[in-house]
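Two complexes are shown next, each including chain A; its partner changes from chain B in the first to chain C in the second.
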Partner chain A sequence: MEIKTEQFTELARKELKNERTRFFLKVIPAVMKARRDAGMANLPDPSAAMACGAAIRAEALARLPELLEEFEKNATANGMKVFWARDDKEANEFIKKLAKEKGVRYVTKGKSMVTEETALNELLEEHGIEVWETDLGEFIAQQLHRPPFHIVGPAINVPVEEVRDLFIQKIGLKEPTLDPIQLGYAARLFLRDKFHHVQMGVTGVNVAVAETGTIINVENEGNIRFTKASPPVQVSVMSLEKVVASMEDALHMIRLVCRNCTGQRISVYVSMDSGPKKKDEIDGPEELYIVIVDNGRSKIYQDAKARDALRCIRCGACLVSCPVWRQVGGYAYGWAYSGPMGQVLNPMILGLERTQELYRASTLCGSCKSICPVGIDHPSLFLYYRAKDVLGDPNFKSVNRPWMERKFFKMFSWAAATPWAWNMGVRMARPIMNKDAQNGVVSKAKGPFQGWFRSRNIPAMAGDTFHDRWKNNLKDKG
Partner chain B sequence: MKEVSLFIPCTVDLFAPRIGEAVVNLLRRVGANPIYHEEQTCCGQPAMNAGYREEAKKVAKHFITVFEKDPVIVSPAGSCVCMVKDHYPEILEDEPDWFRRAKDLAPRVYEFSQYLVDVLKVEDVGASFEGKVTYHESCHILRGLGVSEQPKKLIRAVKGAQLIPLDNADSCCGFGGEFANDFPDISESMVKDKVESFLTSGADLLVLNEPGCFLNIGGYLNRNHPGKRIMHLASFLATNGREAEYGN
Partner chain C sequence: MAQSVRDEILAKLRAAPSVGVPTRPTLPPYKTLSMNQEQLIAEFIARLAEEAVAVHRVKDFPEVLDRLTVIASEEGLKKVMTSADDVISRLDLAGWGKKNDIQVMTPRDFPDRNSYRDAVFDQAQAGITGADFAVAESATIGLIHNKDQSRLVSLAPILHIAIVPVDRIIPVYEKAIEKAFAKKGEYPSQFVFITGPSMTGDIQGVLFKGMHGPRKVIVILVG
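And then the complex of A and B:
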C-alpha cells in the first residue's frame, strides 16, 4: 500500500467535499458506536473489563521479549515454523520465496492489517502470484484498489451500486442486483472456487498465546477458517505485540475485541491453531508458518512511554468515537491504520517527520482514551510525539520544527513568566489584532492565524482586559 | 468570608473579560471573597499542546509561584484547570522540588461550576431566565475533570429556565487550540455539526463553561447565524441570560 501520511490535510479536504463520504459518516459511525456501547454494557462491569484488558496488555508488553520466546518455543513444539522478520521487506520476501518454492499460482488471504502495513499483496502480484482477499469488505477494497476506510469495515462506505458494477466486471455477476445478500452470495461462489484449489493461505493473527503456542483469529464470514484449513500451506503473519501470556488472558482480549469492533459478545467464528495437521487428523494445513514482524516496533519498545501504543488490539472503537475521523473517514490518514489508532501507531512505525499531521490533527478531546478497552491514553501520546518532534529526536525520525515557531514559543514563554512583558505584549498586540474590527468583532486576519477566520470571527481584544477591570473597578467593589 | 483566588485564563482576560466579571459577581453573591493576583498571565497550555515542554515548564513555574499560597483557586476554564492539575506534575517530573510544589497545588484548583456545587454546595444562585437552554459538554470539563452534573444542576436551578437535551452534546466542537487554526477545514466541519445540533435542539440559548468552545462556537454563530445566542455559564447565571453579545 502506498504510504500517503504526508498528505493528510489534502486527503481530508477531498473527503470533506465528497458527498458520499459525508452522507455515510453522518449515519454509520453513530450506529457502530451505539452497538459498541451496547456490547460493552452487557458485561457485568464494563469498566472493570476495560481495566482488566489494560492490565493484560500492560503485562504482556512488560514481558514481551520473554513471552515471544515462550510462544516460539511452544509453537515450534506444536509443529509450527516460526520466522522472525525484522522489517516489511524481510516478511514479504520470506512469504514470496515460500510461495515460489511451493509453486503456488495464487494465495487466498484472510483480513490482515499487518500485511496491509507491509504491502504484501503488491509484492506477490509483482512476482506473478495472484492474491485474493477473502473478507468481503477487503475483497471489494482490493478490487477497487483502495485503502481500508475503516479497520473492521474496509469498504463500508462503498455504495451498493458500485459493488454491483464491480462484480459484473470482475467476478462475472450475471444478473445485476442491488440485493446485498445476492451480491454477497456471488462473492461467496467466486471465492469458494478459489478456496477449492488454493495451495497457500495467508492470514493475520488477533492474539497469540505464549503458554500454549496457539494463534487465534476472530471473524464473521468464515473465510479465515477456509484460508487456514483448505490449503496445504498456511502462513499467519503477526506483528510482534500480539502475544499475551495465557489462554485466559487471550479469551478476555477476544471478549473485548468483539464487543468493541462490532458490539458482538463473540464473533461468528473463532479459530485457534496450535500446529499443522497431525497424522491422524483429516484436515488442516500440512505446514504452518508464523511470521512475526517487527518493522520498527522493537525500537518503539525501547521508549517506555511510546510503548503504550503497542497495547492496541485493533478493535477500531476509537475510530467511530473520534470527532475527526467522523468528519474525514479512513482514507485521509493515508495508510493501513486510521483514526486515533493510526495516529498513535503510524508515527512510531513510519517516524515523526512523515506523520506530522497525524499526531497534530487532534483536538485532544479524549473520546478515544475514554473508550479504549486496553487503556491507551491517545491524547497523551500525541502530546509526547509533538514534544519529541520539537526536540528533533533522531530516534523518532524527527527533524525539528520551523525556526519561526520555535522563536515564537521562546518569546511566549518568556513573556508569560514575566508579567510586565506580558502586559506590554498585550498592549502592543491589541491595535494590530483589532485593526479591522467592526462592532467589537474581528472577522479577518492575514498571516499565521488566518485559518481561524476561514469560518469564524473572534471578539476584538478588549480595550480593558479583565486585568484592567479588576484593577480599576472590580477590586474596590468587594 | 472565604477567600477564593481567581485564575482567569488568558482567553477570558483578553477576549471575553465579561466572563471573568461574571465569576466575580457570582462568587460575591454566594458569600465568597474573590481575590486576583495581578501577576498571573497564561497557564502555558498553548506551548504544551504544540510540544514545547521546556517553554511550558517555564510558564508552569511562574504560575505555581503566583498561586501556591492560595487555599482555593477557581477558574472558568476546564482545559486550563487540567493543564495545572494534570500536566504540571507531568512536565515537572524530573525536578523534584517543582514536582512536589505542582502536586501540592493540584488539588486546590477547581473549575468554577465544580467549586460552586461540590464545595460550596450551592445550586441556586438566584438567577432567572424565561426560556429553553441547552448545554454543550466541553471535552476537558467532561472527560478531563469528570464535571457534567454540576453545571446542569446550576442551570436547572435557574428560575424559569428549561434545560433541554443537545444531540451529541459530548462531541468535540472542533476548537482544540491550534487545531482550529491549523486544520480549518476539519474544524469548520466539526463546529458546523455542533451548531446544527444547537439549531435543531429548539433551545433559545447554548450554555457552556469552556472559553475555548465559547470563542469557537460563538465565532461561528456570530459569522453565520448572527441571531443565535451562546453564553458562558458564569455570564448566564450572573446576568440572567441577558448578556449575549459575542464581541467586545
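And then the complex of A and C:
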C-alpha cells in the first residue's frame, strides 16, 4: 500500500468535500458507537473490564521477551514452525519463497493488518502469485486499490453503485444489482471457488497465547476459517506485541475486542490453532507457519512511554469516537491504521518526519482515551510525539523546527523568565498586534505568525497592561 | 540466519527499560456462573434467538431423527455431510438417510483432501455436527476439531445443523477451554467457537447472513 501519511491535510480537504463521505460519516459512526456502548454495558462491570484489559496488555508488554520465547517454545512443541522477521522485507520474502517452493498459483488471505503494513500483497503479485483478500470489505478495498476507510469495515463507505461496477468488471457479475445482499452473495460465490481449490492460506493473528502456543483469530464472515481449513499450507503473520500470557487473558481480550469492535458479545467465529492438523485429520494445514514480525516495534519498545502504543488490539472503537475521524474518515490518515489508533501507531512505525500532521490533527479531547479498552492515553502520546519532534530526537526520526522558530522560542523562554524583559515586551507587543484588529478581534497577522490564525482568532489586547491599570487606578483613588 | 534474527530481536527487547504495570481489578463473576442447569438452558435458548438461530428442543436421541426428517423436508435436503463426533455417533444417520432418500456423506468416505473438498463445497447442502460445548454466555457452540470433527463440515455447506445435548451447556467460555486444553501435548489442532450464522456488514453497513460460511444455523437441543 502506498504510504500517503504526508498528505493528511490535502486528503482531509478532499474528503471534507466528498458528499458520499459526508453522508456516510453523519450516520454510521454514531450507530457503531452506540452498538459498542450497548455491548460493553452487558458486561457485569464495564469499567473494571476495561481496567483489566489495560492490565493484561501492560503485563504482556512488560514481560514481552519472556512471553515470546514461551510462545515460540510451545508453538514449536505443538508442531508449528516459527519464523522471525526483522522487517517487512524479511517477512514478505519468507512468505514469497514459501509460496514459490509450494508452487502455488494464488493464496487466499484473511484480514491481516500487519500484512497491509508490510505490503505483502504487492510483493506476491509482483512475483506472479495472485492474492485474494477474502474479507468482503478487504476484497473491495483491494480491488479498488484503496486503504481501509475503517479498520472493521474497510470499504463500508464505498457506494453500492461503485461496488456493482467493480463486480461487473472484476468478478463477472451477471445481473447488475444495487442490493448489497445480492452483491455480497456474488462475492461469496466468486471467493468460494478460491477457497475450494486453495493450496496456501495467509492470515493474521488477533491473540497469541504463550502458555499454550496457540494463535487465535476473531471474525464474522468465515473467510479466516476457510483460509485455515481448506489449504494444506497455512501462514499466520503476527506483529510481536500480539502475545498474552494465558488462555484466561486471551478470553478476556476476546470479550473486549468483540464488544468494542461491533458491539457483539463474541464474533461469529473464534478459531484457535495449536498446531497443524493431526495425521488422521482430512482438513486443516499439514504445515503451519507463524511469522513473528518486528518491523520497528522492538525500537518503539525501548521508549517506556511510547511503548504504550503497542497495547493496541485494533478494535477500532477510538475511530468512531474521534471528532476528527468522524469528519475526515479513514483515507486522510494515508495508511493501514487510521484514527487515533493510527495517530499513535503510524508515527512510531514510519517515523515522526513522515507523519507530521497525524499527531497534530487532534483536539486532545480525550474521547479516544476514555473509550480505549486497553488504557492507551492517546492525547498524552500525541503531546509526547510533538515534543520529541520539536526537540529533534533522532531516535524517532523527528525533524526539529526551522531555525527562526527555534530562536524565537529560545528568546521567548528567556523573556518569560526575566521580569524586566517581559514587562517591556508586553508593552511593545500591543501596538504591533492590534494593528490588524477589527472590532476588537485580531484574525490575521503578517509574517511568521500568519499560520497561527488559519483557524483561530484572538481578542485584541487592551491598551494598557494589567499592571499599568492597577497602578493608575490606585493613583486615581489615592 | 533465522536463529540470529530471533536472538537479535529478543536481545533488543530484553535490553529495554522495565516499567511498572497497573494492578488488575477484581472482576465480578458473569451472571451465567450463578445459574442452575434449567436457567442455563433458558439463557442459551434466549441468546440463540438473539443470534437468529432456530432452536428445536427434543426429549431424546430417537426424536432427533424425527426432527431432522422434518428439517430435511423443509430445507429440501438431498445430500448432507456429517461429522463423526460422539454426539453424531449416537444417531443412526446412515439408516435415517436410506429411509428418507437422503445421501449422507462423512469425511471418511473420501480418500483425500481434494475429493473431500469437492463434496463438502459443491454437494453437501447441509453440515450436521454435534457440539462439544454450548456456552450460555453468548449462545456459542464449541467444537474440538479432530479426526471425527472435520473443519469444513460446519463451515462450507450453506446450512449448519448442530445437535446439542443439554448437559453440554456451560456458563462461560473458560469452562470449555479448561477441558479442551486440559492436557499439554494433546491440545486440539483447532478449537472453534461458533455463534450464529456467518455474516458481514461490509457493504454500506447492511447486514448480510451467509457471507462465506452458513447462512443458517439450526440447533437441535436434546434433553
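Following the convention adopted for this analysis, the second predicted complex is superposed on the first by the 444 of 478 C-alpha atoms of A that agree within 3 Å, B and C clash if a C-alpha of one lies under 4 Å from a C-alpha of the other, contacts with A are read in each partner's own complex, and residues count from 1 in each chain.
Criterion: contacts are C-beta pairs under 8 Å (C-beta built on N, C-alpha and C of every residue); 3 or more make two chains touch, one makes a residue touch a chain.
Remember, it's a predicted structure, so these values are computed and weren't measured experimentally.
**Q** State whether chain B or chain C is in contact with more residues of chain A in the superposed arrangement.
**A** C
**Q** Check the residue A:D88 against both partner chains and state whether it touches chain B (first), chain C (second), both, or neither.
**A** Touch status of A:D88: no partner.
**Q** After superposition on the shared chain, which partner residues are touched by A:K228: those of chain B (first), chain C (second), both, or neither?
**A** second
**Q** Thinking of the overlay built on chain A, is A:E116 touched by chain B (first), by chain C (second), by both, or by neither?
**A** A:E116 sits against neither chain B nor chain C.
**Q** Applying the touch criterion given at the start, work out whether A:A62 contacts chain B, chain C, both or neither, answering first, second, both or neither.
**A** A:A62 sits against chain C, while chain B stays out of touch.
**Q** Across the complex, what residues on chain C touch chain A?
**A** 2, 5-6, 8-10, 12-19, 21-31, 47, 107-108, 110, 112-113, 116-118, 121-122, 137-138, 140, 145-147, 150-152, 155-156, 173-174, 177, 181, 184-185, 187-206, 208, 210-214
**Q** If you look only at chain B, which of its residues touch chain A in the complex?
**A** 8, 12-17, 20-21, 24, 28, 33-34, 36, 38-42, 44, 46-56, 58-59, 61-62, 139-140, 143-144, 170-172, 174-177, 179-193, 215-216, 219-220, 222-224, 245-248
**Q** Residues of chain A touching chain C in their complex?
**A** Residues in contact with chain C: 28, 31, 44-45, 48-49, 51-52, 54-56, 58-59, 62, 64-65, 68-69, 72, 77-78, 83-86, 90, 134-137, 140, 153-156, 158-160, 163, 180-181, 183-185, 188, 191-192, 195-197, 212, 214, 220-223, 225-226, 228-230, 232, 240, 247-248, 251-252, 254, 262, 264-278, 280-284, 292, 294, 298-299, 301-302, 304, 307, 375.
**Q** Once bound in the complex, which stretches of chain A touch chain B?
**A** By the definition above, chain A touches chain B via 9, 12-13, 16, 323-324, 326-328, 360-367, 369-370, 383, 385-390, 401, 405-406, 409-410, 412-419, 422, 426, 437, 439-441, 443, 448-452, 454-467, 469-471, 474-475, 478.
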